[in-house]
Amino acid sequence: MEMHSKKRIEILLEAPAQKRLTDLLDRLDVTGYTVLPVIGGRGHHGVWSRDGLPSAAGAMVSVAIIVAEEKLDEVLEPVFELVRRHIGIVTISDVMVIRGERF
Amino acid sequence: MEMHSKKRIEILLEAPAQKRLTDLLDRLDVTGYTVLPVIGGRGHHGVWSRDGLPSAAGAMVSVAIIVAEEKLDEVLEPVFELVRRHIGIVTISDVMVIRGERF
Amino acid sequence: MEMHSKKRIEILLEAPAQKRLTDLLDRLDVTGYTVLPVIGGRGHHGVWSRDGLPSAAGAMVSVAIIVAEEKLDEVLEPVFELVRRHIGIVTISDVMVIRGERF
Amino acid sequence: MSIVDLAVQNLASPMVLFFALGVAAALLRSDLSVPEAAAKFLALYLMLAIGFKGGVEVSKSGLDPAMGLTIGAGILLSFAIPLAGYFFIRMTTRLGAIDAAAVAAHYGSISIVTFVAATEIVRGLGLAYEGYLIAVAAVMETPAIVAALLLARRAAPAAGDGPREGMGPLLREVATNGSIVILVGAFLIGWITGERGMSMISPFIVDPFRGILCLFLLDMGLVAGRGLRQGARELSPPLIAFGIYFPLVSASLAAALVVPLGLSVGGAALFITLAASASYIAVPAAMRLALPEANPAIYLTLSLGVTFPFNLSLGIPLYAAVAQRIAG
Amino acid sequence: MSIVDLAVQNLASPMVLFFALGVAAALLRSDLSVPEAAAKFLALYLMLAIGFKGGVEVSKSGLDPAMGLTIGAGILLSFAIPLAGYFFIRMTTRLGAIDAAAVAAHYGSISIVTFVAATEIVRGLGLAYEGYLIAVAAVMETPAIVAALLLARRAAPAAGDGPREGMGPLLREVATNGSIVILVGAFLIGWITGERGMSMISPFIVDPFRGILCLFLLDMGLVAGRGLRQGARELSPPLIAFGIYFPLVSASLAAALVVPLGLSVGGAALFITLAASASYIAVPAAMRLALPEANPAIYLTLSLGVTFPFNLSLGIPLYAAVAQRIAG
Amino acid sequence: MSIVDLAVQNLASPMVLFFALGVAAALLRSDLSVPEAAAKFLALYLMLAIGFKGGVEVSKSGLDPAMGLTIGAGILLSFAIPLAGYFFIRMTTRLGAIDAAAVAAHYGSISIVTFVAATEIVRGLGLAYEGYLIAVAAVMETPAIVAALLLARRAAPAAGDGPREGMGPLLREVATNGSIVILVGAFLIGWITGERGMSMISPFIVDPFRGILCLFLLDMGLVAGRGLRQGARELSPPLIAFGIYFPLVSASLAAALVVPLGLSVGGAALFITLAASASYIAVPAAMRLALPEANPAIYLTLSLGVTFPFNLSLGIPLYAAVAQRIAG
């Protein structure tokens, strides 16, 4: 099958800031995004876990965005600007998609 | 450590069709698959979120399959045929595994 | 934006052994890890699903670790040594990060 | 009680108000939410409780010959209502055949929560009802899906029919749908264990029932409000009108059967409510499999965002008043 | 009952003991845990129940002119306490301005679970309380956040202010916070539906209330214990001391208002408890948005790991005793 | 009541029928499911409730010298039963040493839900039981795991022993297992707070208990049915037979101790049930750590899919009847 090369940005971000990020993505010119759950982890800020948390504070979420290579920087810069102020990490990887015109 | 190159297919699909997809994968010659939760997102079909949904309608799930490179097309074609009719996207990426003979 | 190349190890492991793995990671020199939920799957050991399980037995989790390329083997060997005895699979992929000095 | 009193009292009930709170919170973009697992659990509880109670009622009253008849009438209605609905939609809106069929399926099937809300009102009026109406509710879930599929296939022969999926597997899937299994299963268990069973578990399934229903309606309000915020632009005025007048059409069809079936006043109110209610749990999921080409924003928003609130607030008191007239 | 008796009886209550069990389990590194969805659901239940009960009380007693006054006093306290807190922290600890402001915000706001625990003790003493204190609790959640933000901005003009986020959107977000919406919404519904509404849902929101509170406190204990295990090294002795003496400062401020406001003994105990309690649900989330530079390990550990257990075990009996003296 | 009556009445109880409904739904491949978070929460509730009730009973009856004795007997049984079980499995089936040891561990340990179901039957017979049996249940969870590990190591010296994991850390992990911590903790809280505590939370932990148990058993039925669908081919006829006759062996061992221990009839029924029951929550998780080479499909399917339903339906009435004979 014919496949098209795209970039996948994954943003692991503290949960209280999730809406800020998705609002930003709504303003940016991305075709979509997907929110993934995360249940715990460890980093420079210590250990955390969703277990038993009654609110978003103390938890993280992950947001994945598939973008065309040429739009990568355009998306990455404002996203990173936001993430920089929060607890979070951004990773970028290569993916192939089938309906390339969609992204 | 010695590593072997494989392909990872990830299928984001509307949840009501999940069983259809896994039944298909059971018929295809794949060694396994993993179902991952997804909690929300946005795309051409609008915004969605799992929050508060009493049934699968309106939600999505993600299914990841690791396959040998030479089996990629064989798996991808029937999978894409199914996904085409539903709300969903398919991405393919490269991964390395350690026990290569397993996939 | 300037990006740095890293490795992403993802360990899909039976849930009762999760603490063993994260304890190991605490002893190893990794800067962090993230625990991701998984809701079902199929493999050589059969089909499984988190649905309705009152305990960790019978379920799996996934742990993702981003490491510098030069530390890959150092992390992978003890991790694989642990996973080998359990139900689980390990995959490695390439990712780019922005704050490279962090990992 | 006059119909106006009934409507006012209903509008000021905690159930309706918690639903309204949910809608308001969603429209205000509050982050108030019920966790998915809790929503699923509440739905399971409601179906278990309502099924079990119905079964216990049947065990008390014994088998009634009217039961078979009413079940038959329910199946008939569930099959006929989508045909009528399809006709109205195609006449009055610009929806295509597939979308029209998908919408129609929702109205032929039933909403258990609407039914449950009606039982509360019926009980509030001091009326009893036939326990077997739970069984009627269960059998009315599915025929509408078949009717819609036939409509869609006639209109667009290629649609509603994947390369590998025929009607058979689909029906199997729908019939073993979790909500039907728990409803029917709990009904049978209630029937078998009767009042002894009820005395064992009533502090769980009877006492807190209304409170849990309030919480579930809060959640439904949140989901409906979110849907309205997203999906409102998909609904043309004629379609919104359909979501309000068509339940009255269905209600009339059911009302015509009340006397021949010999239903009690309470039973009549519930039977009419079943006909008038539109599914928003089981059928949307089934439509994603049966007619994936249909736009879910349309049918979900119409059923949950328009018809459900209409029935909950004004419809049910109206159906109860009608039942009092014709069966009283 | 003497204050010592009251304290002893409180320490041996299932609520305090389940909290202690949670802390102990976390410190033992047990894998005991309450699923996240269940914790969210329990929190929702508690807020719905307490809001509804407050509304019903107000519907019974009618509108009291003191209500407006007490709400005003609550807003004032919520704004003033962070200023006092900031002053104490900066004087006695080495915390920077941003962290100090973030901590201060927690103490100006309130903890609904502490309030709920206090209502149980008040009720245990056979005292009544003004239902509108729920409304006071709701209005006290937010002003503290504004005060803290102003403090932080004055101290570090660049802080607490993202490139695109002003005070307006933040306040909007805080005011439509789920916990406030459900508290206020349930209060209004309780008010509207009154005793009729209460009789419908009391088997859900009244009877099992204390048991569910125990389960929630078990969870809070688990989270607090985990936080203490992780975050203890972030807390210097002067900061830990602050977490214990500062509630007494806030309590004194509130106690001074009790007589002018004309509160009942039970109402006074609750009003003082509100002032003395520190938020650990709504404010931490707001601080991540308003002052992301502040270290969450500090404010969460202090509020949930030090002040909450102090209030739950010793503080509330003390506040109740004080209330009996001054309002008795 | 004759044993046949007892068995029939038990088979027609809502608890057994909801379990059967779950199994049936799973075998029909229905998508009925209880969310994972709800299942965990229900399990937590059941353990909290049963622990608390036991503690309150002990606080009422005071410390009984028999308590220490019965706890000792429980530990002994939990250690001895796996030895017997291992012997039977190795004699009658083709299971290897590791798998045999893992299966044996399950039968030495206990199933709290089986215990809970037995308390309902005992109560249904109008019998009381010693509250400290909860403590006996708690201590019986772990020794079986040690016994199994010793068996496995003797048979296959390299097994059951990771490069870094000795017996110590494993035992620590098992002893701080969430289900043990909540059971023991709630027991102690019940003991401390006594009847005053019970009066505070009984509308939560007593009244809805049976109904919640039904829901949990529905879930267990779903999980067991799914396991049977998957794992049935792993079970040879001799192994299935073991899952049914071996509980009777364990029951006999326990029955022999009833008179020396001086247990009441109700207590005897529960003590025998503990011995006869097989773990399917705590031990499977422990086995994944202790003996990861053992095949989980075997031990889970046997314990949850064969022995649990056997005990729930026929075993418990039988044990109750035996208890009436020997302790009556």
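Here the chain labels run A, B, C, D, E and F in written order, and each chain numbers its own residues starting at 1.
Rule of thumb we're sticking to: a contact is a pair of C-beta atoms (placed from the backbone, for glycine too) under 8 Å apart; a residue touches a chain by one contact, two chains touch by 3 or more.
Only a predicted model underlies this, so the values are computations on that prediction, with no experimental measurement involved.
Considering the contact criterion stated above, the chains in touch with chain C and with chain D alike are B, F. Farthest chain from chain C (centres taken as the mean of C-alpha atoms): D. In terms of the distance between Cα centroids, chain F is separated most widely from A. Centroids of chain E and chain F (each the mean of its C-alpha atoms) stand 41 Å apart.
As a whole-number value, the distance joining the C-alpha centres of chain A and chain F reads 45 Å.
Our note on geometry: chain A versus chain C, Cα centroid distance of 19 Å, whole angstroms.
Per-chain CA centroids place chain C at a distance of 33 Å from chain F.
Among all residues of chain D, those that touch two or more other chains are 31, 33-38, 40, 173, 207-208. For chain A, the set of residues touching two or more other chains reads 19, 36-37, 49, 56, 93-94.
Taken pair by pair, the chains that touch are A-B, A-C, A-E, B-C, B-D, C-F, D-E, D-F, E-F. Listing the residues of chain A that touch chain C in their complex gives 12, 36-44, 49, 60, 62, 73, 76-77, 80, 89-94. The part of chain E that touches chain A in the complex is made up of residues 33-36, 39-40, 42-43, 162-163, 165, 173, 179, 216, 219-220, 222-223, 226, 230-231, 281-282, 284-289, 292-293, 296-297, 300. Put simply, chain D touches chain E in their complex at residues 12-14, 17-18, 21, 24-25, 28-38, 207-212, 214-215, 218.
Across the interface of their complex, chain F is touched by residues 35-38, 40-41, 44-45, 48, 52, 173, 176-178, 181-182, 185-186, 189, 192-193, 197, 200-205, 207-208 of chain D. Chain A meets chain B in the complex at residues 1, 3, 6, 8, 22, 25-26, 31-37, 61, 66, 93-99, 102.
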